[in-house]
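Next come two complexes built around subunit A: one with subunit B, the other with subunit C.
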Partner chain A sequence: MLFLPVFFFDYSSSVSILCPLFSIMTQALFFQYLFAGISYGVIYAIVAIGFNIIYNTTGIINFAQGEFVMLGGMISISLLHFFPLPVAIVLAVVITMLVGAMIEIVFIRWLDSPSVLRMIIITIGLSILIREVALHIWGESIRSLPYFVGNELTTVAFGPVRISPQVFWVVGVCGITVVGLSLFFKLTSVGREMRACSANRTAAILCGINTRNMVTLSFMLSAGIGALAGCVMSPITYTQYDSGTSLAIKGFTVAILGGLGNSMGAVAAGILLGIIEAYSVAFVPLAFQDAISITILLIILFVKPHGIFGSSDAARLKEF
Partner chain B sequence: MRDSKLLKIALLIVLVIGVQELTTVTDTQYYLTQLTMSAYYALLVIGLAVVMGYAGQISLGHAGFFAIGGYLSAALTTHNLVALQANPVIHGLGSLGMLVSGQDIYGEQLLVVAPWAACIFAVLMAAIIALVIGIPVLKLKGHYLAMATLGFGIIIYRIGLATEYFGEADGISEVPGFTLLPAIGSFGPISVSGDFGLRVENYYVAWGLLVIGLWLLLNLIDSRVGRALRAIHGSEEAAEAVGIDTAGFKLKVFVLSAVYAAFAGVFLTHYNGGIGPSEASVMKSVRYVALVAVGGMANVWGTLIMGVGLTFLSLRGVFGSYDDAVFGAILIVVMLFAPDGILSMNVKALFAGRRTTDEHEAKNA
Partner chain C sequence: MKRLGTKIILGAAAFCMLALPVQAGTYKVGAIFAVTGGASFLGGPEARSAQMVVDAINKEGGIGGNKIELIIKDSGANPEKAISFAKQLIEEEKVLAIIGPSTSGESMKIKKIAQQGKTPLISCGAAEVIVNPVASYVFKTPQKDSFAVKKIYAEMKKMGINKIAVVAGNTGFGKAGKAQLTKIAPEFGIKVLAAETYDKKATDLTALVAKLMANKDIQAVVNWSIVPAQAIIAKNMRQAGWKVPLFQSHGFGNIKYVQAAGAAAEGIIFPAGRLLVADSLPDSDPQKKMLLKYKHDYESKYKEAASTFGGHGYDAMNILVAALENGGADRAKIRAAIENLHGFPGIGGVFTFSPKDHNGLDIDSFVMLTVKDGKFVLYNSK
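Up next is the complex of A and B:
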């Protein structure tokens, strides 16, 4: 968590950013921060959507969500020795989906309406186990995928603003994922069945929907998109065995901020949090980066637990 | 009921003395070090057991309270105040006897807060923070409560890691011993420190503290408060309907457990002679939750046994590099197969339970 670099685009100019120039925030710098914030924000949004998918079908918050992101990054980095980049990423996503399915089948599927406390503890235990397995496989070293296009010095210039092409990859892939997911939930019959399952589980069973399979599917989906996010962000944020924890907390913050279960809210909230974090670097020491999102999380939980985009009436009906 | 409680405590005391004698006889006194540390961790864990088991509130931030106790006590008793001597506040503390002066190893004058004053301050701070945090946090339930307490723990961890006063990543070392009783006649001073010669005394101090803490908690559970807590755990709405001040009780127990954690932090820090940021890490909090879960949630005795046993094994390095993984696995296995704890596990009932579950499913389908 400590090593998460905040400035990833264009190291040549990031040196000048890190110099004590915070008092004079030029227009160019303003946009640099903005784009940094947006690219982090969409990643948080993807993690939040992962939380939402599982929450919607099961009412569980999967505390191991951040570990899926880490797994995606790590597996793709390892596979890169054998396959070209696109294949490695696809395989990593598929493998992580299988891991997600396996976790659901082994640990969750056969439990009969477990209490929330029990599920929290089980998923926390799972996140520790996945992290420890990753530690024993990949060690403590910090790894990363290569930049998809160019290298860390490649930039696209918009006047004085210079942006790494990877930022576009992150935003693009995450954007396509969000649109693809909403189409999947709206148009396909499996997507509709999953939504039915979240709307009313008993009614879904009566309609002949196999709700247990839907739950497994939701774990696979959320593991898959988590892994995809882990792959596209790896070149700029790096991947380490324990990088999942802070992502999970930020993702959860975003999920709450956007209203639990609301994917479009998550996107908006993710970008908001990303931008707040990016600008906060000017005012708060780097070591307190995580503390900012946690403080926001605590404030939201205390003041408006149904999120800024959620409705309080809907929240009252949900089981926490 | 009352007799059996006292009998169990008496048995525990006999056991504690017996173990100490046994290590003397078998010349394995090195075990006492880890047993002492285990006792302090167990003190925290039994406090948490009442919050989780009786009040039904999960807390993933108890390492934070432990760290508040340990860090404050360590910082106050090591940071030199000589430069601030002229400050009226410092001067006032000095005239109240709350400061001790001495010389450091280079012969420089040293003025630090006395351990007992630091201890009181640290525990008070933990209680106040628990109160301030607890009022909004305990209104939350389930996932939200878990995340909020987790967030609190991470903030404490970050503060320890990023503040120069708390030693950043290195933590605070060379914390002086905490003299509980001065020397009276031939009876030597009792001091909480890592001093090799004081190992046996420290063992008794730790276990004495744990037994007192345990006795207080058991009395609490058997009292009106305990019954109210169990009612809250059963159904908060029902408890409220019969006139129980649910928010008030939850808060009181939360603060009490924070005080236990802070005491454990203070004593263990003086015993170890230092504290580092890892004591405040999320993994520590999760570990405490694991110990409570494996002990059986609403089972202080079970938690005590598991807390001491597993912590002792972990401190002895039995789990090697799989230490964290073992606790993760414990969490999962206990919650899957024995949500009421290992000690109250009934294998037959487990399988019977599965069967009725299947029937239930069949009926539903």
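Up next is the complex of A and C:
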């Protein structure tokens, strides 16, 4: 009985908030939310793809993935003082790839069949290490690359809906990355060797594949993709020494949601999560936005732990 | 026996090292700042500014021949760390006074510790609760939150705005600001039509802007947060083609944030201390000389733009120096000396402390500024 008045109060107040919203939820607003959702979602997806690459060859989750994104953004911003934008981005990607390779060689390569837990702890440690180093190099201030086209105010209008051109860059880079990666893994011999590593490491070694080099390569690849993502999203989201952490959490949610190791799944899951987050703003206070994505992660982990797009048979063969 | 001998020597050596800094001729002062972590945009400049004051005084030979030893502790904006540092500084280091912490949350946690330890604390946290109710040993240098809110609302009345939306980040600063904004609004006849909180690490606020924009009654938006969200909200509003005025908190007072928001920062209105427009103040302004000196010293030493936040640390250190000059090496006398400071020009305003007012500033310590051509200028509403 004690709760009843409270309940009534909440109910009436939420109805009074929601009613005008339903009537206001015009077509224009519908599409504005949709595009906002897609632009969030693609950013999450591109981070998730980085998780997937390393997972695919090593079977571990690299929790320092978000830091690769931050490094890409930060390095390109610093290089912009000396080079034009495209060169700065390419160099930033290359440097981050080298950092990725170095991390693998120094911290992971010499471990003899490490357990999943040990690898996770190592990558979490690495993420803290990279963040602290970044704090010492770049300080605590926020930075960003300039918009690739136009400036902060430039938008492309689709009827009543306006979208920043940078969103198209993010979507485009994400699309090219996904297609490029699947071609790489399917068609090239290096790509096939990397997949073999993941499927059965012992068999891969017996076939003459240098599995250690493949793992290094996967770290380089995911560092490069993370860095590229960090560059294209920097004008929208800004880059700060600790901006990798929150991106990694969202990216991880999306990677799980789409089924670990499945890049196409990651894109679909990313956009799905982004759209859910965007529409949730219309119905619940914004403060609950992150609660929604974490709730989805928990539900998926309980109900369908191999992800919406993952296969349960394949998941059973994996260690983690 | 040989081992025992070594231990004794080591122990004696350690004792000597401990004992050395306490010798006569040194004023030991503690500082707790969030040099790293989420509030590093406050703590970084504050620590550097305080250090700058100390370096300058020591170079000149100290206060009456006594050098100042500043012990800076980095709390990372973590209240638990602030508590243990405060205890360490008071009980082990036996400092004469503590400046900082950077955030209101930390300051509230150590308010009682400083009071019980009878050690003067000059906080750089903005919240009013730090000095209200007054604790006799606790002071603060930043202008009160409520002054910023009142200044904004007064400006809105002049512009004929009375229906607004409030958005805030989910930090202590954002929450306190949102509470003040909704509490004080009725005093000015202003209606808050929507109040939203977003994650401090939000990367895009397009959906929020779309939601607010759908409400045609909203005449202005007030955003209360720290970087990077305060730049993101400005960008997303302008990208959506929403033309209503955007007011920001006094947390916008750093030219770096204007650079971050780029063209979207144009026309943002916010309250701030006079530092940001020091050049354009009339020569009769009591703060002008101080402001220009701070700006010049800080910028030439650290090669970055001076901010009002660094000014809070600068003020705290300068107030303490003035109190040391008048009070000497005694905690109770320092406390009394601070309370007796009248008309002391600083970066945040002209400080006049009293037993009832441990902030010492009034609402006119804020001026309304706007961004024009990527620079801060005084805002003149028509």
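Basically, the second predicted complex is superposed on the first by the 290 of 320 C-alpha atoms of A that agree within 3 Å, B and C clash if a C-alpha of one lies under 4 Å from a C-alpha of the other, contacts with A are read in each partner's own complex, and residues count from 1 in each chain.
The rule is short, and it goes like this: a contact is a pair of C-beta atoms (placed from the backbone, for glycine too) under 8 Å apart; a residue touches a chain by one contact, two chains touch by 3 or more.
Predicted, not measured: the structure shown is a model, and the values here were computed from it.
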{"item": "Which of subunit B and subunit C A:P285 touches, first, second, both or neither", "value": "both"}
{"item": "Partner chain(s) touched by A:T237 [first = subunit B, second = subunit C, both, neither]", "value": "second"}
{"item": "Partner chain(s) touched by A:L126 [first = subunit B, second = subunit C, both, neither]", "value": "first"}
{"item": "Partner chain(s) touched by A:E193 [first = subunit B, second = subunit C, both, neither]", "value": "neither"}
{"item": "Partner chain in contact with A:Q32 - subunit B first, subunit C second, else both or neither", "value": "second"}
{"item": "Touching partner for A:E104 - first (subunit B), second (subunit C), both, neither", "value": "neither"}
{"item": "First (subunit B), second (subunit C), both or neither touched by A:E67", "value": "neither"}
{"item": "Touched partner set for A:R118, first subunit B, second subunit C, both or neither", "value": "first"}
{"item": "First (subunit B), second (subunit C), both or neither touched by A:T155", "value": "second"}
{"item": "Intersection of the subunit A residues that touch subunit B with those that touch subunit C", "value": "245, 285, 287, 290"}
{"item": "Contact set on subunit A toward subunit B in their complex", "value": "61, 63, 107, 111-112, 115-118, 120-122, 124-129, 131-133, 136, 205, 245, 249, 252, 256, 285, 287-288, 290-291, 294-295, 297-298, 301-302, 305, 319-320"}
{"item": "Subunit C residues within the subunit A interface of the complex", "value": "36, 38, 40-41, 44, 167, 170, 196-199, 201, 203-204, 206-208, 210-211, 214-215, 227-228, 231-232, 234-235, 238-241, 256-257, 260-264"}
{"item": "Contact footprint of subunit A on subunit B as seen in their complex", "value": "56, 58, 60, 136-137, 139-144, 146-148, 150-152, 154-155, 158-159, 161-162, 282-283, 286, 289-290, 293, 321-322, 324-325, 327-332, 335-336, 339, 357, 360-361, 364-365"}
{"item": "Of all residues in subunit A, those that touch subunit C in their complex", "value": "20-21, 24-26, 29, 32-33, 35-37, 39-40, 43, 135, 139-144, 146, 151-153, 155, 162-164, 233, 236-238, 240, 242-243, 245-247, 277-279, 281-282, 285-287, 289-290"}
